[in-house]
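Below, chain A partners chain B and then partners chain C, in two separate complexes.
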Partner chain A sequence: MTDLPATTDRKLGLVIDLDTCVGCHACVISCKGWNTENYGAPLSDQDPYGADPSGTFLNRVHSYEVQPQDAPAQLIHFPKSCLHCEDAPCVTVCPTGASYKRTEDGIVLVNETDCIGCGLCAWACPYGARELDAAEGVMKKCTLCVDRIYNENLPEEDRTPACVRTCPAGARHFGDLGDPDSAVSQLVADRGGIDLMPEQGTKPVNKYLPPRPKDTWQGEVDVLAPFLEPVAEEPKGFLAWIDKTLEKL
Partner chain B sequence: MHPAPSIIAFTTFSGLGLGLLFWLGIDPTAPTGWVAFAFFLIGYLLAVGGLMASALHLGRPERALKAFTQWRSSWLSREAWMAVAALSVMGIYAALLVFLDLQITVLGWLGAVLCLATVFTTSMIYTQLKTVPRWYHWSTPVLFQLYALGGGALLSGRVTTGLVLIGLAALAQAGWWLAGDRRLAASGSTIETATGLGAIGKTRAFEPPHTGSNYLLREMVFVVGRKHGQKLRLIALVLMAVLPAVLLLLPFGHLLAVVALLSHVAGVLLSRWLFFAQAEHVVGLYYGNR
Partner chain C sequence: MAQPQVDTSPKVSDEIRKTTCYMCACRCGINVHMKGGKVAYIEGNRDHPINKGVLCAKGSAGIIQHNAPSRLRAPLRRVGPRGSGEFEEISWDEALETAVGWLKPLRDTAPEKLAFFTGRDQSQSFTGWWAQAYGTPNFAAHGGFCSVNMATAGIYTMGGAFWEFGSPDWEHAKLFLLFGVAEDHDSNPIKMGIGRLKERGAKIVGVNPIRSGYNAVADDWIGITPGTDGLLILSLIHCLLKAGKIDLDYLARFTNAPVLLNGDPKSPDFGLFLRDEDGKPQVIDRPSGKLMAWDTPGVRPDLTGHIRRAGVTHTSVMHLIADRYLSDDHAPEAVAERCGLTPDRIHALAAELARVAFDEAITLDRPWTDFRGERHEKMIGRPVAIHAMRGISAHANGFQTARALHVLQILLGAVETPGGMRFKPPYPKPAEAHPRPHAKATPGKPLNGPHLGYPQGPEDLALDADGKPLRIDKSFTWENPMSAHGLMHMVISNAHAGDPYKIDTLFLYMANMAWNSSMNSSGVMEMLTDTDENGDYVIPNIIYSDAYSSEMVAYADLILPDTTYLERHDCISLLDRPISEPDAAADAIRWPVVEPDRDVRGFQSVLLDLGARLNLLGMVDDTGAPKYADYADYIMNHERKPGIGPLAGWRMSDSGLTHGRGAPNAAQIDSYIAGGGFCTMHIPEEAQYYKPWNTAYQDWAVQTGLFDAATPYIFQLYVEPLRRFQRAGEGKGDILPPEHLRAQIAHKLDPLPIWYAPDAGNPDNYPIHALTQRPMAMYHSWGSQNAWLRQLHGHNPMYLPSRLMRDHDLQDGDWARITSPHGDITVPVAEMAALNPDTIWTWNAIGKRKGAWALKPDAPEATRGFLLNHIIHELLPPKGDGLRWSNSDPVTGQAAWFDLRVRIEKTTAPAEAQPTFAKLISPVGPGPDQLTWKTPS
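Moving on to the complex of A and B:
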């Protein structure tokens, strides 16, 4: 049944550091690379070398410009994938039971042999974390690399999601967010990690670390600084005439 | 939402067909014999045809039967069950009327209730989505019921009842549009809550994650329908309610009645197209509120 488990033993998820992400899209590529070759149907592309390329991705990096009140604008790169919500609305809407949340670790997965491709789960997700594969006709989503994290054929350092393993900036962290003593939980507590769209009531497991405050000028201003103020506030002579003439037009 | 023709046809025609079957079910003097056969045939063609059309938008239609399994949690699954229950009960009721001239009132009423329940489950598939604030409101099921009841009454030849109901549907539709236009803003979801960056300042989508399109943009951030939205809304109301009312209030003629019916169906199709085309999904906020 596509009921959600009341609790999960662990809450595996990602912590994404918006202060550190440089927007290189390496996580996007490594995710696509691993997940097109391993668990489930490949992530297909349509017209990849043509005029109108598009394809299935489980992880995408947006970029946002934020304009503080009295400071220069900031550019923030923003990776987004499934947040493995505790109250995942994508699970309960599924008519076939293909969409489910695991009791042991909280990972939200799609059983692709049961998926009819109705798309309702993608509609129920506020984050755009699910994409219907145009070639396979089934719903694809982040598996938290379930085929890596428990894979004893891989060296131990590789038993993390592909996006985390590949991130050159160290902006992505993987762990158990249900354990308050885990490294990721500590990181969230230290940095004030936040939920995306908390008003949707989905209780995401993945957390985002907001950018650290930028430096601001708080020291003493040099006594000579006032002399550097612009002196000619009002134009004079020829410029004043142009100014007046243009005003009249 | 991308207004897929299969979904528009599904909600419109299954609503009309189930509405017609509802009126046949509660009719104290239901038609019998060939007349009953014709009425039920139209009802079943519309209802079954609509439900079949819904399978066309599936990525894997061959697995459609699996949709019956999750009735405990999924409205889509409940709809599948309700549709089968309604069409089965009404099928028995219809067969007795057509072949034996026998009317079992209780069976008709049971079928009628199941027909409305099916329309309700259809509307709940959309109403349950908190991600589309325009749909996430009790008025959405009311609207679907009024459309089904009004269209069904017209189809079953109940002119006065039909006109009253499509008048109510038109009023409800206009109110639903006006209130719906404010619902995304009222939901509290903004690009700032979506990104969590609001604490720093005003946020703007600077660069999308990809140069081309993707499933999300095609499916949920459909913007073409918004350009002429207001004009299309007026046209839908005229076709759905005003024109049928004028035609049916003229001296009665079967030809005028057929034109009135076709006009009503065209209006419902257009309003359903707008229902999907103007749905504003919160995922659009990640793409700069497109």
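Moving on to the complex of A and C:
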């Protein structure tokens, strides 16, 4: 059993905009590239050119269809990585203390030298956000790019997680969700950001911005109708209308 | 327990090398992080005009492509039968001498017997120049099977197209209408733009049978029936005209709506413009009522002008537009059902366009002066932006549909105005300012001009004195007169049929014609291996250049192995397809951030070497020695005309280095490398909109070297070159189409947009539409064998709408036989609800052939993966007239991929997706069993 800190100085995390995510997987691969070269063991790939390729990813995008009652079906792209929970069950379940939550920023990390690859944390995580690397036998997870966000070898504007830096649609935001005045907290407040599976009681730090209402045009038909009020029914009347209108200009 | 110490400031890399991505056609700037001389990590370049720091999945996976096990290692000579994949490695000298041995005698006797076609080529101004110097008329790139309908419709209508040459005004648009699949070119800019629209609260409407990708985030989704976009668009035009929601001032000033047309059906000039002695189209000046040339300083063209001259009534184009589109044939009630929509849906969209364009018009306080000398205090915008690409383009009615879309944009006043669509330099550029096609081959001599261009009438067709096609792909013939990008999908089929003639050598670059880049892939494989009565191959010699072990490699006789994109020089040139943005002209380079570790050479350098060995004009000096050491040398020192070369940045002037016009600079590539791999030339603020008519823009473009003289023009709602062809179809004029094509020409080359149903099989027998698209993580990417990307998209089921799943008693994972008029495939199915109810689709090019791309033979791409290509023929079903009718748009020759109609039957699961093909012998062997790399510093 490993203890969680009672509080953390900051609550760093991601805000992911489901209204804007086009499902392009840019974040997935940028994450794979950075984390293969950086924190801990590389993210390996088994059978990479064969029948059942299976590699370690710290971030994946899933797609779900939603079928509203009276509107066309929708497709939601849903990126998912570690949510850096305040009550992280993956930490408390760890038998060696390898999994821990940092007191200064709340990032949940795995200390790979202490990890025995037992997989209990992955079992305890309700989000399926941890993956055991098959080559190294250690647990891998999102580090919130702890080796980027403070990295003095990077220009200041690049001190952000790789997935956020690369996201073409700007659907991913990084910041301190413990500070109500931060840009990310403001975004969550403005857009009604939500916790993923709050009933699990994990108090995730990462938030999701829900998709805005879609396909609402039927409610606007009456409002829009006046914009198509005819000026003429046939060509002759239409050309006369042009002449009349041009005279007024 | 104490918290572990984490090194939060590790060294990132030894060095960053900035070059240009080539994982697709987007051409983003990348920072390549190097460790110990090796590529370690790739991220987007923040300073780059295209991607401003972001990078897609393909771009970040470039490291896997660069290190792919499928990379070819040395030149190869075929030793087994064609199609087997049996090769031996040879030296470059042997390879080049073999090629010269085939090409030299051809050039001296019949240069047209070389067909040189390039696929995902980003150096077309160079490869075209080479082909012109060689003297064959048979050159084009892959545009003909991609989106030429969009390019051609855009250029003829408004002197620019979507593609990567036009952009929605992301900063000002309030309504964005996106038609069809458009996730290929400009992929990161579109994603960034959609994000910006969302941030600004603008509305996005997606018109697409499939709600995936960008359509998934659209506020409104219109799940239209494939091939009916034109019907919808013309109905929107009907509604807007009827409501008077069009920009009259814009139409009068900047379009040919006021230009006068001969209205006498008996006149030989019926439907042609009334012109003055200088040949300039005439308008009525509204204040004076006098006839004037359209560009007369101070003229106020009258939209409803009409005049009787020499006994002939002439009326403005606007009259024709009113006559045609106010007709009830275009009313929502008349078209909605065919579009798979309700009339209310069309009315609501039209009303939304009207509301945003006119009630939410925007004004920028930027004075500017137009080409007639009139100063305007403000820039007025109709903030409706539209974008479209292959989705509407890849139909046999795609040209007219794209035309309709541009007419809609122009009627709203939403092109080159704030909030609408904006051109990127070197566009805007009218059709007349482009070359016309050239196809006259002379043994031992260069071709008489550039291959591809924009015909202005029948006299520009590539036909010999007997009316026989001069080009192997029959571009610029009566079958498809305006085929501005060629018809790559017809080259092998026509060469095999000897129609219009036989060829000797097929030379391909980066084009997987034996697999996913051909229609009728199984048939094409047979054509490539077919032998004549002597046992010789019908297509005698095939040379192919590729960096990877693609399916096409197995079908060539000689392989010239290319480098990866991180090992080569390239220029992304203003002469070709630059990286400009609406506010700036920009070009870029690639440079070898690492040297190849194999015996491979950049294809462009190889082509220069071949050119020198063939003694081609411009590639040898006066002594016959090679003029350029390699492609880098060409990039820096070649001049297309004095002062204008492949790269516009850092040229030499009297006062030092300059951008734009200038003499060659031997250190130009070093300057580009120091500058981050690109060069940007900003457009002055007053010149950023209204570019075709804006004096400040025209002056800037001349100064920059984009044009030699200012060329203001007006948008062509009515395209007179179409009328010239149509007139010939009606039997008028000196150059006439053959009888069997006259009705088609007269109908389909209409100078005002029309809609017609594509001819793609009897809907009673084939009731379902079948489409493909590439996933965003693979679009335009060369080979999905990439070990990271194939974990995202390694399977491609056929997606069926819920109704069809129920009707055919299918569950996810069941198998179905999909039958088109041409053949059938047996494939796994999966349900998708967010789909037009009569449409099925799958991811394209996931299916791979066993033995290709260094995949293991049991890879899902080779067992369950499949291509729809097998059931799309390059010809329409025979009509009983003995003629070969190409499955292409009759205006441009665009391959009509998306016209496919099928029927579905549930079937028992076969062992593998059908059809299956023999395993290729791989020249490289399969990839490793595990990847675990971390680049050592």
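Methods note: the second predicted complex is superposed on the first by the 214 of 249 C-alpha atoms of A that agree within 3 Å, B and C clash if a C-alpha of one lies under 4 Å from a C-alpha of the other, contacts with A are read in each partner's own complex, and residues count from 1 in each chain.
By definition in this document, a contact is a pair of C-beta atoms (placed from the backbone, for glycine too) under 8 Å apart; a residue touches a chain by one contact, two chains touch by 3 or more.
These figures come from a predicted structure and were not determined experimentally.
Of the two partner chains placed by the overlay, only chain B lies in contact with A:D195; chain C stays clear of it. Contact with chain C, but none with chain B, is seen for A:D243 once the two complexes are overlaid on the shared chain.
In the superposition on chain A, A:L120 contacts chain B only, with no contact to chain C.
Once the two complexes are laid over each other on the shared chain, residue contacts for A:P235 go to chain C alone; chain B is not touched.
Shared-chain residue A:P180: touches no atom of chain B or chain C. Greater residue coverage of chain A by touch, when chain B is weighed against chain C, goes to C. In the superposition on chain A, A:P53 contacts both chain B and chain C. Once the two complexes are overlaid on chain A, the chain A residues touched by chain B in the first and by chain C in the second are 2-3, 25, 28, 52-55, 57, 65, 67, 74-76, 97, 114, 136, 211.
Chain contact summary for the complex, chain B toward chain A: residues 1, 57-61, 63-64, 66-70, 72-77, 80, 125, 128-132, 187-189, 191, 193-197, 199-216, 219-220, 281-283, 286-287. Touching chain B in their complex are the following residues of chain A: 1-3, 18, 25, 28, 52-57, 60-69, 71, 74-76, 78, 80, 89, 92-98, 114-120, 122-128, 131-134, 136-139, 194-201, 208, 210-211. Of all residues in chain C, those touching chain A in their complex are 1, 3-4, 6-12, 33, 35, 40-44, 46, 51, 53-61, 63, 69, 187-188, 191-192, 194-196, 198-199, 211-221, 223, 239, 241-245, 248-249, 252, 286, 302-304, 318-319, 322-323, 326, 344-345, 347-352, 354-355, 359, 776-777, 785, 787-792, 794, 832-835, 854-856, 858-860, 863, 926-935. If you check the complex, the residues on chain A that touch chain C are 2-3, 17, 19-26, 28-30, 32-34, 36-39, 41-42, 44-55, 57, 65, 67, 72-77, 97, 100, 102-103, 109, 111, 114, 135-136, 146-147, 149-154, 157-158, 162, 165-171, 211-212, 214-218, 220-221, 224-225, 227-235, 238-239, 241-243, 245-246, 249.
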